[in-house]
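Chain nomenclature is as follows: A, B, C and D, assigned in order of appearance, with residue numbering initiated at 1 for each chain independently.
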Amino acid sequence: MNTYTNNSQMIIEELKNSLGKIDENQVMNLIEEMNKAEKIFFIGVGRVLTMLECMAKRLKHIGYDTYMVGQTTEPPITDKDLLIVGSGSGNTLIPKGIAFKAKEFNAKIAHIGAIEDNPLKEITDVFVRIPVKSKKNLPDQVNSNQPMTSLFEQSLLLLGDTITLMILDMKNEPINESMWSNHANLE
Amino acid sequence: MNTYTNNSQMIIEELKNSLGKIDENQVMNLIEEMNKAEKIFFIGVGRVLTMLECMAKRLKHIGYDTYMVGQTTEPPITDKDLLIVGSGSGNTLIPKGIAFKAKEFNAKIAHIGAIEDNPLKEITDVFVRIPVKSKKNLPDQVNSNQPMTSLFEQSLLLLGDTITLMILDMKNEPINESMWSNHANLE
Amino acid sequence: MNTYTNNSQMIIEELKNSLGKIDENQVMNLIEEMNKAEKIFFIGVGRVLTMLECMAKRLKHIGYDTYMVGQTTEPPITDKDLLIVGSGSGNTLIPKGIAFKAKEFNAKIAHIGAIEDNPLKEITDVFVRIPVKSKKNLPDQVNSNQPMTSLFEQSLLLLGDTITLMILDMKNEPINESMWSNHANLE
Amino acid sequence: MNTYTNNSQMIIEELKNSLGKIDENQVMNLIEEMNKAEKIFFIGVGRVLTMLECMAKRLKHIGYDTYMVGQTTEPPITDKDLLIVGSGSGNTLIPKGIAFKAKEFNAKIAHIGAIEDNPLKEITDVFVRIPVKSKKNLPDQVNSNQPMTSLFEQSLLLLGDTITLMILDMKNEPINESMWSNHANLE
């Protein structure tokens, strides 16, 4: 029995599928909104939140002005800013509440989720679908042998890191050169 | 028996003493360093850390550029910046490590502590003493009937809020007017 | 001009008033609910949240099983648990949403706020009023020269620490003896 | 040009390589230490920390007693506990400091890193190598076109999730059944 290899390669296969089915146009639209925004805010809960933290951190390294909703030194959001909401269902209490609040200030809303038809739809300016299994059991979803929403979370991390690479490609910027200059040095 | 009144008024009395014995010149020196800094970073652990978060948050509201060490979107520290260390003993592992690291980047170091003669002394640019009970059992310390280092932590919160009021006084600025414009609105 | 002394003693005076007007019976009721609960959860935002973190931390030291809502390793809430909500108005988005969610699981709800007549009232099992200035401008409120809701936050910290002392009194337990054995040692 | 597909599939390939080169025996040793521990603590910084948070969270769902070092309600570590350190170099200030501190309390130390010969080696009870590029430029390392230490971080997330699956396999437990009963419900 080689349980490590079986399980790790199964995860890789699932990720290959889920990332392979994300619509590139949706990703390009998200990058476009990110580039128009003055500040970018992120909201999610649980492991989805930690993935968004990774995204906020890396985007900061390449020059974006990013904030986690609820961080100690959080500025107000304005109509020039973008809120990126991570929520598979689009129906999670806190992200949903914060998204509707942000819309009151006329911020743009980007939603990364698993189901297009969701409660955030009416206020979402750009939607990126990670087409993994969800409660709605949609016909085109990528199934998973992993517990809970692990595949969504893993895909979200890799999507964020793919977006970073795409932006570096677009800027035609050598990787690493400038990034460390924006990296925390107290650690 | 009126245990609520006894205990709450005892805390008030202790705070009156500890705040009353802080050296105003030390506080003025700290404010001077804060005003010279481009960015202000904060480090502490436990309840001391939460008090510094309160200070970072309020200073942000009145226009300072503040950061918690370790926050998701933390920039690098430079020789134009100030690190405020909260540590009663000056000997806490993480704050001490981070302070020496910050000094390598030639940042200014402010230390708010209970004991002047401490391991951070050699790199400290400005020291503010909250003269409460400590392991060294100094003759001029304010004693406390509270557990652990509660009196230090409470005093630290009120010192931070006093500093905010002093700065507003110096700026001759009406309280509240501009502050809400810097306050997070997604909550 | 002695701006440090003026401002620090003004804060002390305000705290003396606000703590002096808290109803001891309400505090006793809160302690009673705390003692009946298996687990105690805390929710708030901003500086109110940091004060609740201080309370959760100290209560843990004296043997209560405490959790911040949203912490990495948060267990589910049940009908044997208590949620302590910190919110001056009782109308803050996230605390309100979480409180109603907790009620669905039949958890007990304690609310520490500034206004008794508030949106949480219908689900609140025990209410403790910190009678400081609020938007409703109630006749019996303690006024404040401090910005924003500083006086509420400071009072909340000291209320939490008073409650710790009251519990130690009730247990007739020597302060400090057992507390350090529950304190984090990796810092 | 299809920059999304190129970049996302490149990440997948890199992960396939890095996970494929982790030594299963090292992983089994880690699981063994996890199973012997009463409590499991986690320490890291930056994006490595967020990955460990994901691991702590999921392990909690399957019944392990997990804690982040520095969390509000952190218990003391003892000689019956395990500290899992995430640090590519094994030389990061805070994780290194905390690991040596934990060893003073005779806790077991597990280190997940990129370089076997590192400053933590003398106190490490179990080491798992994610063999990705590092400053030492080792001959057998998996190279990466991604910035900074992204490949280490991504691999760490997937290693943590692989470990969860391995444990579920060993327990012969149906996925998902019991896990939600340990999942936070206030979100």
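The rule is short, and it goes like this: a contact is a pair of C-beta atoms (placed from the backbone, for glycine too) under 8 Å apart; a residue touches a chain by one contact, two chains touch by 3 or more.
From a predicted model like this one, the values you see are computed outputs, not experimental measurements.
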Numbering shared by both copies at the chain D-chain C contact, with half separating same from different: same
Pair of chains joined by more contacts [C-beta pairs], A-B or A-D: A-D
Inter-chain centre distance, chain A versus chain D - centres from mean C-alpha coordinates, in Å: 22
Intercentroid distance (Cα basis), chain B paired with chain A, Å: 35
Contacts with 2+ other chains: residues of chain C: 45, 53, 57, 70, 93-94, 98, 101, 183-184, 187
Touching residues (chain side chain C, partner chain A) in the complex: 45, 70, 93-94, 97-98, 101
Partner chain C, residues of chain D touching it in the complex: 41, 43, 53, 56-57, 60, 66-77, 83, 98, 101-102, 105, 181-187
Chain D residues within the chain A interface of the complex: 2-5, 7-12, 15-16, 19-20, 22, 24, 27-28, 45-47, 50-51, 53-54, 57-58, 61, 92-94, 145-148, 150, 153-154, 157-159, 161-162, 164-166, 168-170, 175-176, 179-180, 183-184, 187
